Each structure stands twice: as C-alpha cells, then as structure tokens.
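The block underneath contains the structure these notes are about, expressed in structure tokens.
As written, the chains take the letters A, B and C, and residue 1 is the first residue of each chain.
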C-alpha cells in the first residue's frame, strides 16, 4: 500500500525499538529522511548504525516501531512487497561484498539479470554505462580479487546503481581509504545523488568527509537520536556530547578511561596483594 | 571454467554414475535382462532346506537351467517346499527326476542340483518332484560320524 | 550439580533451536523446484561437488577393493574357500562400505568445501548484499547445492562400488590367481538386486541428504569471521561423519534386522 501523502520524506522511522540479547540497540528512535537529499547517520562506533540500514532494507525486524520506506511499512510488508522495494534500493556494503566467483562486469550485471528481462546486448550496454559513471569501464573483465579496496568499492557502487534506485545506502564508505580514494567516493556520492534524483543515506564516523557532503545529519548514541540538523547547526550545538563528537575531542561525555578504580588504589593493591 | 566444459563433464559424470548402477545391477546382482524367456514352475519337497536361498540356481549336470523362486514351509508334514522356476518349455525332465541340495565348493552357496530320471512321462507345470535329498547339515553329519565311531 | 543441569538444558535448547533453523532453511530452500534458469547454477554445483570428487573416490575405491580382496583371500584360503572372495567383497561393499565410505569421503571433500564457500560468502556480506538486491540467497546459493549433493552422492557410491569390485578383481584374479568365472558367478548367484544393491543405495540417499544438509547449514550459520569459518568447516566434517556412522547403524539394524 503506497501512501503518497508524506512525499517529503522517503523514510519515516517512529518509535524504533530493537534488542539483541541483553543489549538494547534502539530505544525509541525517531527519524525522517528527506527525499532527494544526502543524509548522514553518525555516531560513536557500535551504536548499531549498520543495523539501522538493515532495518530500513527489511533484513532485520525490530521488536517495535514503524519503519516506512516510500509509503511501505517494511516491518509488516510481505515478501513480494519487500522484493519490489529492494529493486529500488542500492546498498554499498563496508566490505564491498562483490561476488567473488564473477567478473566485475558480471557483478554489475547481476541485478539487471535477476530483475529484468532485457536482452544481453542491452545489459552489456547498461553495465558499461554504470561502470563508466564510476570510472572503471576499463576494468570490466577483472575478477574481484584483482581489485584494490577502493576499486572494489567503486564496482560495488556501480552495481548498486544498476537499477537506477530511489534510495542509496552507504555503509562506512570512507573507512580505510587513502585521501584520493576518499575524494573520489565523496564526489561520486554527490554526483550520483544528483544524477538519479535519489535519496542518499550515508553511515559513517568520519566527521570531516561526511560533513563536506551531507545536507542533513543525524547523530545517534545510546539507541536514540541525540541531535539532527544541517552540518553548521551541529557544530555549535548545545549538547556537549555532540560537540565532542563533531570536534573529535578525546575526552568528554564519552570518557577516555574505561571504568576502573582510582589509579593509586590499583597500584597499591598490586604491591600489597 | 567455460560453461560448455562444465556441461560436458557433468553429463559425463551422470552417465558414468548411471552406467555404474546398471553394471552393478546386471553383472554383480545377476539380474536377468532377458526376462521374457519362457519358464514353467515345478515344486520339490525337502525334509531340510537349510542354507538354500531364494534365487539360488537350479542346475542339471552343472548347467544352470533355472532359479529357486520361493521357499515355503509345509506346516502339515514339517517339510519344506521349494518352488523352482525352470527355463524353457516343459518336456525335458522325467517325472522321477531327482533334486538334491548341494553346496558350491566347501563353504559356498547352496543350490539345487537335478539328476535325470528314466520315466517316459515328463514334468509339467505344477508337478512335484518327490525324489529329493535335503541339505546336509554339518552338525548332524558330525553327530552321525561320532555315533558310528562310538558304536565300533 | 544444578549448574551442570542448567548447562545441559541450555545445550539441549540450543540443539533444538539449531535443528529448527536448519529445518526451516531446508524447507525454504527447497520449496518449489529449481527454476529453469537456475539449471546453470545446478550444473556448476554438480561439477564442483560431484565431478571434482571423482578422483578421491576412484583412488580410494580401488585401494579399498584391492585390500579387502587381499584380506578376504587370506582368511578364506584357510578354509579352501578362496572362490568366495568375489561374493564376500561384493556383499560388504554394496551393503556397507560403498555407501558409508563414499559418504565419509564426500563429507571431507565436498562437504567441507560447501561449508567454507557459503561461510565465506556470509563473512564478506555477499549473502546480505544479495538479499538487499532482492535475490533470495536460499534459492540462488543454498538450493542448487542441496539438490546437487543429493544427486551426486548416490552416483558416486555406485561408481565407488564398481571401482572397488574391479580393485578386487585385479588382486584376486590377476595376482592371487582366483578363477575369474567363479569370482563373477558366485557374485551373481548370491548378490541380490534389492536386498544388497537396492538397500545400499537407499542408505546412500539418506547419507546424501544428511551430509549435504549439514554442510550447507553449517556454512549458512557460520560466525562471520575467519575463525568462525574454520570452526564451521571442521564441524561439518566431524558432525557428518558421526551422523553417517550412527545412521548407518540404525539403517542396518532396521534393514537387515533378522540376524538369525
């Protein structure tokens, strides 16, 4: 059931609650992702940002709450509805997740082969165009194990845009890259978002890179949204936690020291024990 | 690896497996593929068929001319009735043909050995062979031997 | 004491949970026959699982057939019954060794390969990304392997039996001088189509389902780290072997129960 009324926001998340074992991952999370813009999800490591992407994609079911993507509540959707939705989502995984037994071209062709009935010639042309968009048309016959990390990521990106998706999700796209590669990814994210009039969701903890491209930022900690807004808005936010994060200060509301006894007691204890 | 090569090797593999199964059925289990041969059945009554299995061969002078189709117990007389399926048409075996249960080699399988009689009329479908000698059971042989030795 | 019971209870629940997940996986993967388009995937898996296992199966079969024929011959010669080598070998192979040894070799070679492959795909998020693209990994990755495994093992067992019997022929006839016609005739007289060959193949089908299922599930359920893959692969081989032997025991009892 597609509800076109809330067409400003592609994704609406209300009251999301998820528990993994004893750990509460999301505790009443609310979020609105606007259409056509690049939104960043940021926060300290381990706050479940990747899990949130999986919830949006319908891979992980929350314990409570609503997640409405393009008018469809993914938590209550049928397999057929999810199938349709996923044709319109492109996701870039942290490890690029290319299929190791297929060549670059075959990887990019995969969604086209599975979801369309296009003849081989058309598929070949589309693959070449997508690879061209990421600058890797010449690498089309290489195997994934012959690619560098950055190149693999770009191929994965080409695959993610194969079906001209509405929503592009990026899981830690800047992690572990050299400055040039990072610059490439940044420019690609911006260009693709513009070219496809898509909505982009970037999960990252690289402040500097993300702030450059994001039009809207959500900061998540302790399973909740602790701040959101345009980048400038956050740089001078009231919350000290947000300020610590944005400025990258080592100690503050997120402490430097792991909880322990006072240093004197520890040292003395060793000696007299 | 080219798809073509894969298809060919998979086909060869499946073929090899199927052939292996056929081989096992025919050469090893002795399944008779010319099953549409004429056969007729006679019966033979034995006092003891110890060790004789169904599908054991029935032979005349060492040549296999049939198989043991079924072995049944006769509750009335405490004897065993072996149903023999013989190849060809009736008209070869005289009414007083004898049947003995013998062992192949020393420890081999038991089979039924026929010896021709002298009557003019022949066995037909459903007839009973009465001149029989049952399986020699090793223990009773030894028992007899010991008894005889003891008597001397 | 209480702690130990609690531990056992937790393990039991764990086991049931695993069994449940494994059954669901099996059910969902095999629901609906393979699509015509997926034939290519199936072919590739039959190649990986079956064709590539041929070498080890054939080599082992020949050695085992030869060795057993040798041992049988030695023992039977004491009774002057060397001619029964063929019969003995065929019975032992068709009923027990063929299905069991082939299944064990299969678990070690093909089973571990399946687990490692699927485990690796899980660790590198290939399964996840496939799902995100709207393609069901159960249909595309798991199902072809399940079908291929169930098809290949019985075929491999038949090939094993044939090669082993020939190994026996080489030893018994060429080397030890047994009479070839009594080797084969003895076999044909005693070995029965259903009792020996048929029931042996039924065992093989059981083993095929078991080993393939274990291999695929262990891969699918891997802890997505390098260590996790190693553990899953080991678990496949160990669990498959134990289950094959245990199932063989039960099947033998029920099939040939009358040891009168």
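The rule is simple: a residue touches a chain if its C-beta (ideal position, glycine included) is under 8 Å from a C-beta of that chain, and two chains touch if they have at least 3 such contacts.
Worth saying up front: this structure is predicted, and the values here are computed from it rather than measured.
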{"item": "Nearest-to-centre chain - CA centroid comparison", "value": "C"}
{"item": "Which two chains share the largest set of C-beta contact pairs", "value": "B-C"}
{"item": "Chain whose mean Cα position lies farthest from subunit A", "value": "B"}
{"item": "Centroid spacing, where centroids are CA-atom means, of subunit B and subunit C in whole angstrom", "value": "35"}
{"item": "Length of the line joining the C-alpha centres of subunit A and subunit C, rounded to whole Å", "value": "43"}
{"item": "Separation of mean Cα positions, subunit B and subunit A [Å, integer]", "value": "76"}
{"item": "Contact footprint of subunit A on subunit C as seen in their complex", "value": "120-121, 124-126, 128-135"}
{"item": "Subunit B-touching residues of subunit C, taken from the complex the two chains share", "value": "40, 43-44, 46-47, 50-51, 54, 76, 79-81, 83-84, 87, 90, 94, 151-152, 154-156, 158-159, 161-162, 165, 182, 184, 186-193, 196-197, 201"}
{"item": "Footprint of subunit C on subunit A - complex, ascending", "value": "54, 57, 59, 82-87, 89, 91, 93-95, 97-100, 110-111, 114-115, 156"}
{"item": "Parts of subunit B lying in touch with subunit C, wherever the complex brings them together", "value": "1, 3, 6-7, 9-10, 12-14, 16-18, 20-21, 23-25, 27-31, 53, 55-57, 104-109, 111"}
